[in-house]
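In what follows, structures are represented as structure tokens.
Next come two complexes built around subunit A: one with subunit B, the other with subunit C.
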Partner chain A sequence: MKDVLLITLKGIFRDRIFQGIMALAGLIVFIPSAASLSMRQVTELSITLSLSTISFIMLLLSVFLGATSMWKDIERRYTFSVVSLPISRTSYVFGKFFGIALFLVLTAFVLGCAAMISIKVSSMGYPPARPVEWGLIMAAIVFDAFKYILLVGVAMLLSAVSTSFFLPVFGTVSIFLVGTITQQVYDYLHTPASEKVVSAIVKNAALVLYYLLPNLQSFDLKVYAIYSIKPSLGGVLTTFCYGGIYTAVLLLASSLLFGRREMK
Partner chain B sequence: MSNGVALDIQGLSKQFKGKRGLRVEALCGLTMQVPQGEVFGFLGPNGAGKSTTIKCLMGLIAPTAGSATIIGETIGSVESRMKVGFLPENPAFYDYLSAEEYLQFVGRTFRMPDDLLARRVEESLRLLELSDARKRPIRSYSKGMVQRVGLAQTMIHDPELYILDEPMSGLDPIGRALVKDIILDLKKRGKTVFFSTHITDDVEKVCDRVGVIVKGRLMALDRVETIMRSGIEGYVVQTKAGIGNHTALASFGLIRSSEVFREYSVPAGRFNEFTALVSHHALEITLIETKRKDLEAFFLEIVENVAR
Partner chain C sequence: MTSSVRPFILFIVSLLLYAAVMVPFTRHMKHKPVEEKLGYIPEASTFQYLCADQKTFISSALLMKVIMYFGGLTDKQFEKTVAAIPDYRGMSNIIHTALKLDPYNMDGYYFAQSFLTWEVKQYAIANKLLEYGMKYRTWDWYLPFFAGFNYSYFLKDYGKAAEFYKRAGELSGQELHFSLAGRYMQESGQTELAIAYLTMMAQGEKNQAVKKNYQIRLKAFKEVSRIEKARDAYRASRGQLPVTLETLIGKGLIAPAPVDPYGGTFYLEPDGKVSTTSKFAFGGRK
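After this line comes the complex of A and B, so read on.
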């Protein structure tokens, strides 16, 4: 597994998509000056901008890397030479996944450091109303990375069964979009107002989806970081466990499906 | 245990399910063994099922029926692949890596210690004449160079069994000769080589035994030597003109004659009679050529029989 992981990492670093996306990351440097244009809540704004930029970059990375990594191997016939080596299909899938996950963690770390420097610069020029909670900013970035690692798991699962990159790429994006609103839909379905508009069948279908699809919204701690409000520890821990279990299930399913796949 | 059998295939079959329930019977009940130390040629026309067999052996696809073991290990397991150097058909390798990096990756998956691996990488790059390109990404390699990387990566861990799917394809004559030399050298070192091809000449030069597969069925399996010998139809013999009594040979067909020599066609069954007459009548033989049906003819005959 370690060998596949290292090869995957090397592949990412030498990939053009990666180099393009990383050029985007250079934008973080300009955040303090951009935020200062607003004249009000400059620090809050630069926290928002930094965290959103990081989140967006990680979304791009997780979709492209997660969805194309295995597909590319199959499409370019690398699988014949790799899967026939004395590594199990499970190690192959896990190696790919952890290679990408590790890369996301590294990205989060590097971008996180850059962002914190940007925020520091902003806060020195325009002191915020409430002191910046660095711990919360870090937590927000960590949980964001975690969310995208889970998304990579989704992409791996779709790649394990798909023959084209269409399903993994668009499937992952759709699940991401649905995953971010599923909590709102759930909450809405539990309001009395919804009873009149939504039929029982639709409601039950939506509930099934709610439990089946990943709930990504709870990973979003940005608001807490921006306004320096402490989130509830229990909630954060629950999210952490939820993410871990969900990702593990995705990985197991991917390796099971990929293990039975014919390399024709 | 393997009991000296490198490859044991029992009733291996594979059906591909196509669209609209269409089934392709790519391989039907293949049963054969390859003993350790043998060079085995797996000969068959396009679409015969050679690659299908090999993919089953390497666990890339699951056979619909039957089983096989590689040096005693059931196919599809990591342990079975541990003992094999495998070259896929028209191989492709991570093209962002250089040959050197790729070979290191392969060696590590075989859990080779670092110092041994470094030495072997060096050796196999040199053997396949890739030393100059070793640092360049595989992306920049020519087709033949990629094939050479493919061969290098089969040898890196010095396996007991080599399974090569068309090892000579894409190579120039120098490369083909090199591969033949490598195979003969592996044989000398007691290794087993199982390779597929549709070129009879390759088989003739290096193989101990050959199996002919057509439309998923094994149609013939024999020692190359036996086939070659059974294919002998007769001899073309030249005798020196002007020495001895040539009228004694009148019952043999005279192909041509000149002032220097006379050339006779001698059927395989009458060769002894011919030589007896030669010595009895003080004639002198200057040249003997074997006239035989070669492996190619043997192969074509089988393929045509199946087609009929």
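After this line comes the complex of A and C, so read on.
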């Protein structure tokens, strides 16, 4: 598994994706000047723009790396040589996943450092009403990375059963979008107003989907980081456990499906 | 012509065509009607589902769009190149949507307060928005301070005003807010209080368009204050109110003659209240 992980990581660097990210990270340099357009919350806007940029870059990475990595290997017929090696298919899937996850962590670290410099510059020029909570900013970036690592798991699961990259790419994007609103739908379904307009069948179907699909909203700590509001520690720990277990389920399902897949 | 030269020439031609089309294209974009620039934003209840995990960013982007739209129009009003009145309803809708997406965003409350009150006189909407914001920005003394000002100055509800000023004082720890809470229990010196409020707002403002707006209003209120002082001096010496502003100017009680920065003309109402034909707004003269 370690070899597959390293090969995956090397492959990502060979494809010059890291250089691309570095170029995008250049955008972060301009954040303090863009944030100075705010009337009353320059530092808060600087944090918003930094976290949003990091989140968007990691979304692109998780979708495209997660959804194309296995497909590319199969398309280039690399998997034939891999499956003939004395490593299990499970190790291959896990190696791929952890290679991409490690790259996401590395990206989050580099972009996070650049963002913190930008935020520091903004806060020196325009001191915020409330002191910047650096720990919360780091937590927001870590949980964002965690969210996208889970999304890589989704992409791997779809890649394990798909013969093209269309299903993994579009499927992952769709699950990401749905995952960010499942909680809102759940909350709506538990309001008296919904009882008049939503039938019992639709409500039950939506509840099944709520438990089946990932709940990505809980990983979003941006508001807490931007306005220096302390989140509930219990909620953060529960989210951490939820993310870990959900990703493990996704990975095990992916390896099971990939193990049964016929290679032609 | 060799086959290797032809693509190069075609590339140069395409660059020239690009340069040629950029001129009318840039002109078109620059002169696009302002309504098109502000655009239409769906209701927050629907829109939030499309924002995924970028609600705070989209909220900031929407507010920036409104601020820039207003800034552009204000600049044109100052330059007297356009008489268009900003689409305040559109601006209000976008700000409400933005604050539904990110209820903590101070720019939204601050900007809404600046135009919903002075410009469009929608005090109830402004206060409702401020009270909504107070549920989230529980540490921020600005929101109760704004609400206190609206209740006292515009709505003449001094009980409510005192309540909000007290809250602002508790949050800020500033003696000024506590003293305002007491002062607003009775109606007195409204123009002076408006001048104090506008001075504070203009001093803390870094957006040039909004700052300029406050400064113009401040200038107008300082002129009103001069007229009020002259009117009071006239009443003190003659025991009756002056009938017209010209009486005060003629008696040398006010010199130089007051000038309305909005382009209107000051006048005295029968009860002695100072008014202006501009209604303290550009394009407000009828």
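Throughout what follows, the second predicted complex is superposed on the first by the 256 of 264 C-alpha atoms of A that agree within 3 Å, B and C clash if a C-alpha of one lies under 4 Å from a C-alpha of the other, contacts with A are read in each partner's own complex, and residues count from 1 in each chain.
Criterion: contacts are C-beta pairs under 8 Å (C-beta built on N, C-alpha and C of every residue); 3 or more make two chains touch, one makes a residue touch a chain.
Since the model is a prediction, treat every value here as computed from it, not as a measurement.
On the superposed subunit A, the positions of subunit B and subunit C stay apart, so the two partners fit side by side. In the superposed model, A:Q184 makes contact with subunit C only, not with subunit B. Once the two complexes are overlaid on the shared chain, A:K196 sits clear of subunit B and of subunit C alike. Touched residues of subunit A, counted separately for subunit B and subunit C, are more numerous for C.
In the superposition on chain A, contact of A:K222 is made with subunit C only, not with subunit B.
Of the two partner chains placed by the overlay, only subunit B lies in contact with A:K10; subunit C stays clear of it. Rounded to the nearest 10, the angle at the Cα centre of subunit A between subunit B and subunit C in the chain-A superposition is 150°. Using the contact criterion defined above for the overlaid structures, shared-chain residue A:R76 touches subunit B, although it does not reach subunit C. Contacts of A:T48 after superposition: subunit C is touched, whereas subunit B is not reached.
Think of it this way: put the two complexes on top of each other by chain A, and the tightest Cα contact between subunit B and subunit C is 25 Å. Shared interface residues of subunit A, touching subunit B in one complex and subunit C in the other, do not exist. In the complex of the two chains, the subunit A residues touching subunit C come out as 36-41, 44-45, 48-49, 51-52, 55-56, 129-130, 147, 176-177, 180-181, 184, 216-217, 220, 222-223, 226-227, 229. Across the complex, subunit A is touched by residues 48-49, 52-54, 56-57, 60, 64, 67-68, 102, 104-107, 110-111, 137, 139-140, 142, 205-207, 210 of subunit C.
The residues of subunit A lying in touch with subunit B in their complex are 3, 6-7, 10-11, 14-15, 76-88, 260, 262-264.
Residue ranges of subunit B in contact with subunit A, taken from their complex: 16, 55, 58-62, 78-79, 81-82, 86, 88-97, 101, 105-106, 108-110, 137, 150, 153.
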